[in-house]
Each structure stands twice: as C-alpha cells, then as structure tokens.
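Supplied in structure tokens, the structure appears directly below.
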Amino acid sequence: MAAAERDAVSLGSAKPTLSPDLITQAPAGAPAQELTYQEAIRAALREEMQRDPAVFLLGEDIGKHGGAFGVTRTLFDEFGPNRVINTPISENSIVGAGTGAALVGMRPVMEIMFVDFSGLAMDQICTQAAKLRLMTGGQVKVPWVLRMPQGGGAGKSIAAQHSQSLEVWYAHIPGLKVVLPSTPYDAKGLLKAAIRDDNPVIFLEQKFLYSFRGHVPDADYVVPLGQCDVKRSGADVTIVASGLMVWYAMLAAKILAPEGIDVEVVDVCTISPLDRATIGRSARKTGRVVLVAEACKSYGPTGEWAMTVMEEAFDYLRAPVVRVTGRDTPIPFADSLEKGAWPETEDVVQAVHQVMAW
Amino acid sequence: MAAAERDAVSLGSAKPTLSPDLITQAPAGAPAQELTYQEAIRAALREEMQRDPAVFLLGEDIGKHGGAFGVTRTLFDEFGPNRVINTPISENSIVGAGTGAALVGMRPVMEIMFVDFSGLAMDQICTQAAKLRLMTGGQVKVPWVLRMPQGGGAGKSIAAQHSQSLEVWYAHIPGLKVVLPSTPYDAKGLLKAAIRDDNPVIFLEQKFLYSFRGHVPDADYVVPLGQCDVKRSGADVTIVASGLMVWYAMLAAKILAPEGIDVEVVDVCTISPLDRATIGRSARKTGRVVLVAEACKSYGPTGEWAMTVMEEAFDYLRAPVVRVTGRDTPIPFADSLEKGAWPETEDVVQAVHQVMAW
Amino acid sequence: MPLSQELLLEMYRRMLRIRQFETAASDLFRRGQVKGTVHPYIGQEASGVGVCMALNRDDLIAGTHRSHGHNIAKGADTAKMMAEILGRATGYCQGRGGSMHIAAFETGSLGALAVVGSGIPLAVGAGLAFKLRGETRVAVPFTGEGGTNTGNWHEGMNMAAIWSLPVLFVLENNHYAVSTNVDDIIKVKDLSLRAQAYGIPGVRVDGFDVVAVYTAAAQAVARARSGEGPTLLVTECYRLEGHYAGEPEVYRSRDEVQAYWQREPLGRFRREMTAAGTLSAAQLDAIDAEVEQEIAAAVEFAKNSPLPDPATAMDYIYA
Amino acid sequence: MPLSQELLLEMYRRMLRIRQFETAASDLFRRGQVKGTVHPYIGQEASGVGVCMALNRDDLIAGTHRSHGHNIAKGADTAKMMAEILGRATGYCQGRGGSMHIAAFETGSLGALAVVGSGIPLAVGAGLAFKLRGETRVAVPFTGEGGTNTGNWHEGMNMAAIWSLPVLFVLENNHYAVSTNVDDIIKVKDLSLRAQAYGIPGVRVDGFDVVAVYTAAAQAVARARSGEGPTLLVTECYRLEGHYAGEPEVYRSRDEVQAYWQREPLGRFRREMTAAGTLSAAQLDAIDAEVEQEIAAAVEFAKNSPLPDPATAMDYIYA
C-alpha cells in the first residue's frame, strides 16, 4: 500500500508537467507553507483534534503505522490511544461504531484504507448513517467524516481491488455529502469544513495526489462544502473536473493557451450536494463544455454534470458536451493495460479541440 | 414484507388507469396465458431449473415461505431442499457462496429480500464477482443471477430502508449486467436470458409491478440482454424510462394522444450495458426527450441517459432534455410525504408539455 | 434480595402495555389503518422489560424492526408511538419512521434499524464514546437469533470485547427468523456459547420470566458500568404471533404455537406473584384497567393527529 | 504411520520454492521491477505446504493478498507466477492480476482476493456445490488472524457448519495484520476456540512444523470428504518479513523478529530430518540446487516475456 504511495511520489515528481504552479490558491502575502496533499490532510486532522475534544480517529493501522498512506503518522504519538484508535478489520462496524459515537455527541473521523473496501460498509454508510436523521424525524444528527483514498494515476499498478473511483455510489444517496479535493489548500480547508459539518461526509482522497505540493495558509480557514471552485477562468470552453483530473484540466489549459483557446476550469470539489449554479454559469458563458472524471464512464459522475449543463445552459451550447472518463473496465494490473484505463492530459486536450471544432 | 406485497396488489388494481392493455407484447395467435409479473418470474425460474440441473436458488426464506414477496412459492415443494436453499441472514456470504458455486460450474440464482439490504453485499457483488474474470485473465467466469426487489409506488409505506431504487450502484461497475423489467413478458424473457448468461447479472424487480398482469407466451423464449425496447413508437417526443416508470410513460402517452402529441416510449429494460443506439435513434427521430426514473435524481440513471442523448443526438435536439425522477430524499413513511417522493404520471405529462412548448 | 413491589408492578405494567399496544397495532393493521408492516413483540415482553428495567434512562438501547416492545420497555410514551405507526406528525419520528424505525430518543434510544444486525455497531460506538468520556452509561443492542448470523454481530462482539466496552448484547431467541427455525441456521443449541469466541461471559435465561431476565441483566449492567466489559445475554422466548401481523405462518404448527402460549410471560407473572402472595390480584387488575385505558387513549390520540405537512417533505434530510 | 521420503522431500521442495520465490520477488520489487506491492509469505511456508500436500489437485484453495505461497504449495508453476507478478502476458492471469490476485486455476484455485475475508464465502459456495453434486472434493479458504474479525469469516463459518460442507478453514496466525498485533484485536489466546461458536472442531498446530500441519490437515480433509463437515485449523506461525516488501515495521522490535527467525520452518525441517536420519543432507542439498535454478529460470522467463497487448485491454471484462 505504501508501495503505491511511493510510486505516487516518484511518479508525481517524474511528471514535471504537473507542477504545483498550475494552481495557486493561498492568498498572496499571508503566511503559508508548502505542504503536500497528504500533509495538508494531516494538518487539518491535527488542528481539528486540538480544537475539539469530540473529534477522534478510528481506523485500521492508523496508529503508529500511520495508516495505509501514512496520513495519520505522528498523530498517535501526539494524541494517544484514546484519540487515534486502531480497529480490527471490520469496515462495516468501523463506520457503524462511528455513527453510534456521533449519535452521542462525538465527531469521529474514520479511515477506510481504500475506497474499494467500502463495499463492505455500504450498509452502515448509505442505509444507516445517511438515513438516520430523516427516519427519526430529526431527533438526531450524525456528524462524522469517512476518509477514503481512491483512484489511481498512471503506473500505480495495484489492480482491480485497489484502484477504483466510487464517488457515485455515495453521491446518489441523499443524506450524505461527498467531497473530493484536488489540491493541498482544498484538502485542508474542505476537511476542516467536513469535520465541523453536522452530517455524514464522505471525504475522498485521490491517492496519486498525496505527493502533490501547494501553499497552505498557516491561519485557520475552511473551504465551504457544497460549492464548485473555478480554478481557472476562461472565455472559450469550460472543463468540469474533480480530483486528479483538475490537474490534467489545468495542464490542458496551459497547453491550449498558446493556440488561443481560453479554458475555464470548474473543480467539482464537492461532488454532492452538487453546485449546479456554478457549472451552469460557466457553461452559459463559454457555450462549450468538456467533462473529465477518473471514474468509469457509464453511470459515472459525468452523466449528472451533463444533465446539469442541459438543465442550466441548453440554449447557450454551441457544441455537444464531450466527456473524458475512465474506461468501463476493472483496472488491470499490467502497466501496458492500466495506462489506457484512465484519462490522460492528452485526452482532455483532444476533447477541447473536438468541442472547439464543432 | 408480504404486507408491502398486499398493498401492491390492492393498489395495483385500485389504479385502473394503469391497465394491462397499455402494453401488449405476446405475439397475437401464439398460445399464451395472463400472468402477473410475479408469476412470470416464478415461471422463468421453474422452466430454467427444469432445463438445467446446474440452476439452483439461494436466499432467505425462499423455501416453503416463498421469499419476502412469494416469488419462489411452490418451488421448494417442486424441486426440494437441494435446489431451493434457505440461508441464514448473511447477505454478503449468500452472494459470495453463489460466486463460489458459479466458479465450479453451478448457475445460482440468489435472492436478496430488498435491494436496500444489498449494501451488505456490495463487496461480493461489485468488488469480487464483477472483477474475478478480468483479475484472473479470463481463467474463470461467474454465471449467476442476483434477484432483488426494489422501488416503491404510491402508498407502499415501508419507509427509508425498504423502498430504494439502486440500479446505479451496480450499473456503474463494469463486469456486471443490470436488468429491470417492466412487464410480465419481459420479466420472464429477461430472467431466462440472465440465467443463461455467463456473467453476473443483477436482476431488479419493481415491487409495485408484482401484481401487474400481462400475456406471456407458453413457448420458451428469451428477451436478449443489452437492448432497450421501444414499447410505443411515436413521432413527436421520446420518453426514456424503466421499470414502473414505463407504465407511467405509456399512460402519459395515452393521455397526450388526444392532444395530438405522438409519444415514443423507450424502455431501458437492460440498464447496463446500456443500449445507446436505440436511445440515440429515437432522440434523433423526435428531437425531444423526457427521461423518467424512480431512483433519486442526483447521480441517478437519468444522467447517463442524458449524456447518451447528448452524444448521439445533440444536433437533432429541439429542446433541452427534461427529467422526472424520485426526490433526493430517503423515503419517508407517512403517506402524505411519501406521495411526493416518487414520480407520478402527471409529472411525466407535464414534462412532455414542457419539451413540446420549448 | 427480593424485588420491591413497586418494581414488580412496573414490570407488569410495561409488559402489559406492550401486549396491549401490539394487539391494538396489529388490529389497526389488519383493518388497513396502518400502512407498511407491523412486527409484533408478543411473547417477548418479559425479555425487553426485564432488560430495560435494569437500565437507567440515559443508558441507550439499539432497536430492530421489532422494537415497539423495546421502546415501551424503556419507558416510551405509547400515544406518540401509536401516532408514529399511523404516520402522524405527532409521532416520535414525526411520521417519517413508522413501525420499523420507531425510536424514542427522549427515553434512551439509539434508533431502530430494520436492516438485521445493523444496530449492533451503533451500540458498540455509543459504548466506545461512553468509555472515552469516562461515563458509566451502558449501551444495549437487541438482536434476534437470526441476527447473530450477520457479520455485524461478529464484528460488534469482537470490538466490544477487545476494548471491554460497556455494552450488553441482548440476544432474543424467539426461535424464528421470518419462516426459518433457529435449528436450521445455528448449529449450537446454547447460543450463549457464542460469547466464548470473544472471551466474554455468555448468560442464558428463561425469557418468559421477567424477574430472571431482570436479575441477569442487572448483573451484566453492573459489570459493564464497573469497566469489566461486555456480556452476551440470551433470553429464550418465542414469537407467539406471525413474523408480521397477518403473516400466514406456513412453516410451523398451531400446536407448537399453542404450547408456547401456555408459557406466555404475563399470565405466568400473575400466577406466580399472586400464588406467592407477593402481589395481589387486585393490584394487577388495577393495572389491567389502567393500561387498557391508556392504549385506547393512544389509539384515539393517533387517529386524531394530523398527517405530516407535505410542505415539510424536505426537512431532516440534512442537519 | 511415518510419511514417505518422497512426500517429505516434496514438502521441502515446495517450502523452499516459496522461500526462494518470495526472496526473488521482493528483490525485484525493491529494485523497482515489480510494480504495485508484494506481500511475502516467508515464515509461513510450512503452513501452506502442510495443508496443500494434504489436498488433491481438484480440491480448491481460496487465496488472499498473500497467496504466492498458497499457489506454489498447491503446485503452481513458478515461471508463470513470476511472469504474473511482473505483469506479463505469459502470467497466470495474463498480467491482469499481479501479485495480489495471482491464482493458478489449473492446479486448483478459486482465486486470490485482496479484500480481507472475501475469499471465505467463495470456498463455502464451492463446498456447497461439491455437496449438492455428491462430489468428495474439499474447499480450503486461507485467512490470516486479522481476517477472522471480518463479517465474512463469521458468516462463512456458520454456513459451512449448518450445512456440514466439505470446507477446511485454515487460519494462519502470523501474529500481525499490517501493523496490528493479534493480541490487540482478538481477546482469546487460542484462536481455535472460535470454532465452538459454530459447533465444529477447532484444531491448533505449530505452523512452523510442516509435518504437524500436514497431519492435522489430512485428518480434517478426511473428515470433510466423508461428509462430517468443516474444521477450523489454526496454524501458529509468524510473518518474518514486513507486511509488504520494504515495509518499515515501526510496530515491532528487531529482537522479536530475530527470535522467530530461529524457528523458521526450513532450517528446522532440515535439522530434524537429518538428525533423525529420515532424510540425508545430500538429498536436501540437491533440492536446494534444483530450486535455486528453477527460480532463476522463472525470473528469466518473466523478464523475457512480453507485456499484454494494449489491443486486448477490453478482453475478459464480460464472458
């Protein structure tokens, strides 16, 4: 698992094209430091645990070991076994226990090592936690966060049961909020917002991004849930993307600028509830839309985004919405097959050319 | 549970507007009998069990009791305890055991009482069965069928944990096929095709439809998987729907005909793999599309259908695609709240007026 | 030491409340006035009451699809419960939950979850919170014997055991899971044996004997409060009605059911208490009259209560 | 009766194959030639070999994320395995599976599933099929001690028990689940006790002693074949390497690991067999040379094999 992490690191840096300066968010001047996505998540956990004694961590090997990707490393030493709790391999009950603790006033932050394993916990996540508030007529709320690494990136090679992007499973269930940050800045701000939110929040972490760096303010801040973030504003075409795909979109924008194509990039950093207004506004402005998601194509997130464009901007469309997605396949192990299973920046560039040429 | 069934029956007949003659499929002349959707499913199970000794049933209370909705009633007496096997309450392992049996040459047909409980079995369904063939480089196949009642219909009142429509959870996972029949004829033909298919097939049964009647041929027939079925052909507007919503669409078509609006109804009876060609052909013909699904709106099936229309028929669209869906809410118990949680025929009629008026 | 008259009378009152409530609810259901389904707790009254009388108001129970009785045993208001079952705005869940999700948080509930086994980890999590905060409260998940075959049960028992959490696992063996007899789905005859896999005590009691259940529960609760960890308490009872009101029961004989009716907990309690002279028939008759009135009033209250306003349909989806 | 020289030599050969294979694979991984991850089986060789030598070719094993050893023990070809780990078209899974999903169906596998516990119900289902068809084959799911806390384990044990299926549950207690020591996640010290919850026999053996494992497995397999149902076999061994090759191991001391190295199964086997004069050093040395060559050849074969053709990317998604 940390092997996958190591790949991410090496490959992350071996891909100079995907450089941190593609996205700058920390307000100029304000004191900030450069953190990786992984460090930013850890910083959010630490600060929220310091701020609120009700916050505690629950998950497999999150103690000394620091979890599958080292995200919680050092927190066990800092907060001890009552705030950072190692569990047995019991995903459904980890989430269920988190719900029970939340029902009596705690604010658990749980980790499932890979989103792929959350199939074991779907009942507690979607059928219990998401519905408890409504089923009880508002007698209770379930304030928890479930952190789950997901997705891949060229050359991860951890095959079919450790590589999926499953945001749609959760985004389709009312009562849940679903977040997928693309940058260290967003990761920290969104996680703080998620921990302070009174609803069950699915916090997805794109594995390949763990090693990505960015400036993160020292000051306490939150990135509000429920909003898309325009990472780049442009006049000619809108790229709607989330997670790692936002970086591909930004890189594509950079590649396309010299051709005189001015790209706007809308980051769906909260997958659900979906900020339809921002997507609609951008689509009406540019009239051309490309959707990019790492998840499998069919019944994936791009469908909902496309319907949103249809509902919000139909009369403004100058070309059909085009999508770039993961292939409809379980992720194969071998490099030579895995490569084609996920979108690449080149695919995004090509899709933009396609909508511009329409 | 059979209480829900009883409601379906009574309400089914209490809704004269939804009469069997809205859809006729059995070839005229050929010997046929009128069966309910439930009886048609049972007939398919019986005939396939007679045809192939490798076919057996696995599920909770499917023996003498006949399952939550009585679908397997009489089969235990007819085929005995080695072909109709009652299980403990262990959904994940029921599916996993089915997979293991399928790997060694059996063709299990499993029942999970309500699709809502399948959250407990997502790992075995989506992360194991769906991926085994690819992960093993084609060394094996997993020929099973998983039957799951889903959905509601006005006045079912079984609340948040017994009323969901979850086809998207499965349709998003490559390796699975997902079926949702709307009529007794399709239910029998699709189930036979599913049992003979060499892949894991999710066979969803709309609970409110169990009591619906239709003519079913006596002769052996299958309805091939992977195809949409044009239930009504028309020139002015296309309604894409599945399950119970197909009946609302047909009824809407009947209501709209006198107004001179000629509706085409495309039944997405195989949710996945999606027959994009048929949807595209119809959308290009009519230029106006209404999507109807019982599932929750956000990240539900209508998104993928909308994207398909975008990809297949953008230049032909004379109005934005409009959708009618379930509300983004866990299903509440009380009649007065439940009513609005699901689409009604009136909503479909209104949506058609909307696209016609564009 | 012997139990006080007051306590014994309250046990009888709550058991009778359950019996009358279930009878009334099943009746309303058969007459089509209750939608959905009703899972009667008749035959298990002594189990729920014996356990809940050993709890404090701030101890929490996790319920199931069959939790009318658990709520009433914990002290819930039968009028608000009947209103919930009829889907009225005045119900505990404002009509959103209905029979299967009825949960009175004001009297100490963690919710009633209709997915078998799913309530167990909630109780484990509540117990974990109690321990982390140094509270002496106890969490009590109720499960049927069918529910012990779910993964949740195993995972929850193990977690509570390794962290020695203040949890009392109550396994109500009413002998059936829908149509399935316990002997067809569990090989061991004594279900309390299952505690051994987790290194915690397993206790088995006559679930028709409210005093025996209370005594065993009180011991386990004391153990939990003092930090010694969880206990598995198996109450041997019987589901005297169908799985749901009106269920055909093709899988068991009338004789079997009749035989168990001879042992039903209310009649037995009255016989034993009056025979021993611990309680008088007059005392119990008074409660009979009182409860009959209470339930009749609950039905009236429910019937006269308004349905939830459709304008509130989107409330309570998010906090 | 004493085991034949031939059998003993084959046991040594397979254990050594595993040791050498894992050493070579870990080495390739550290040098970046294997992508993803590698979970070495070193320290558990006697467990897998002892069990699999007691099986027929058409008996089936269900593997885990750590199943290189299980496959080799069952007789898989090390060249096709190494090719799979390097993601080559000549691998058992044509490069689609890699280390975590390596499964040689030709020598009797049900697959290797990397979601802990998920292989158990598959074996139960295969056992069910064997029973329904009146076959005398046996299904054998391997699980680590960490895996016994999954719902799958409980559900599978119960199903196999109530239907008395021909299943041998092998619980390999290598003392760690990633960084978590068994004592922190399971309260009972003797894991074979867990069989009692299901009314089936639980047997515990020294997992470093291949003959002891073989003998216990053979008995359980005979029992299963004769229709007497499942057995839980706990093999006490140790994970001598990190959870995955190169894993930092911050959670345990070098001394602890060193102490266990003294007991590792291959040296022990050689010592005991030569001391007792059952096998000669020369016989074992010959196997050492043979296996060293075999594994070197396997690495060569793998390195020289082609990667899967991208044109085949959509194959094997549907049958």
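All chains are identified by letter, namely A, B, C and D, in their written order; residue positions are counted from 1 within each chain.
Definition applied: a residue touches a chain if its C-beta (ideal position, glycine included) is under 8 Å from a C-beta of that chain, and two chains touch if they have at least 3 such contacts.
Only a predicted model underlies this, so the values are computations on that prediction, with no experimental measurement involved.
Among the other chains, C has the CA centre that is most remote from the centre of subunit A. Distance between chain centres (mean CA atoms), subunit A to subunit D: 36 Å. In terms of their C-alpha centroids, the spacing between subunit B and subunit D amounts to 42 Å. The geometric centre of subunit C is 45 Å away from that of subunit D, both derived from CA atoms. Counting partner chains per residue, subunit C has residues 93, 95-97, 101, 113, 115, 149-152, 155, 158, 162, 184-186, 317 touching two or more of them.
Counting only residues that touch two or more partner chains, subunit A has 87-88, 90, 92-93, 116-117, 119-120, 123-124, 127, 134-135, 159-161, 174-175, 327-330, 332.
A complete topology is adopted by the chain contact network, contact being made between every pair of chains.
Within the complex formed with subunit B, the subunit D residues making contact are 60, 62, 91-97, 101, 103, 105, 110-111, 113, 115, 118, 120-130, 132, 139, 151-152, 155-156, 158-159, 162, 315-319.
Of all residues in subunit A, those touching subunit D in their complex are 1-4, 7, 60-61, 63-65, 68, 86-90, 92-93, 116-117, 119-120, 155-162, 327-330, 332-337, 339-341.
The residues of subunit A lying in touch with subunit C in their complex are 56, 82, 85, 87-88, 90, 92-93, 95-106, 108, 123-124, 127-128, 132-143, 174-175, 177, 198-199. For subunit B in complex with subunit A, the residues that touch the partner chain are 92, 116-117, 119-120, 122-127, 130-131, 134-135, 159-161, 166, 168-169, 171-175, 272-274, 295-296, 298-307, 310-311, 314-315, 317, 319-321, 323, 327-330, 332.
Those residues of subunit D that touch subunit C in the shared complex are 149-155, 158, 161-162, 184-188, 193-194, 196-200.
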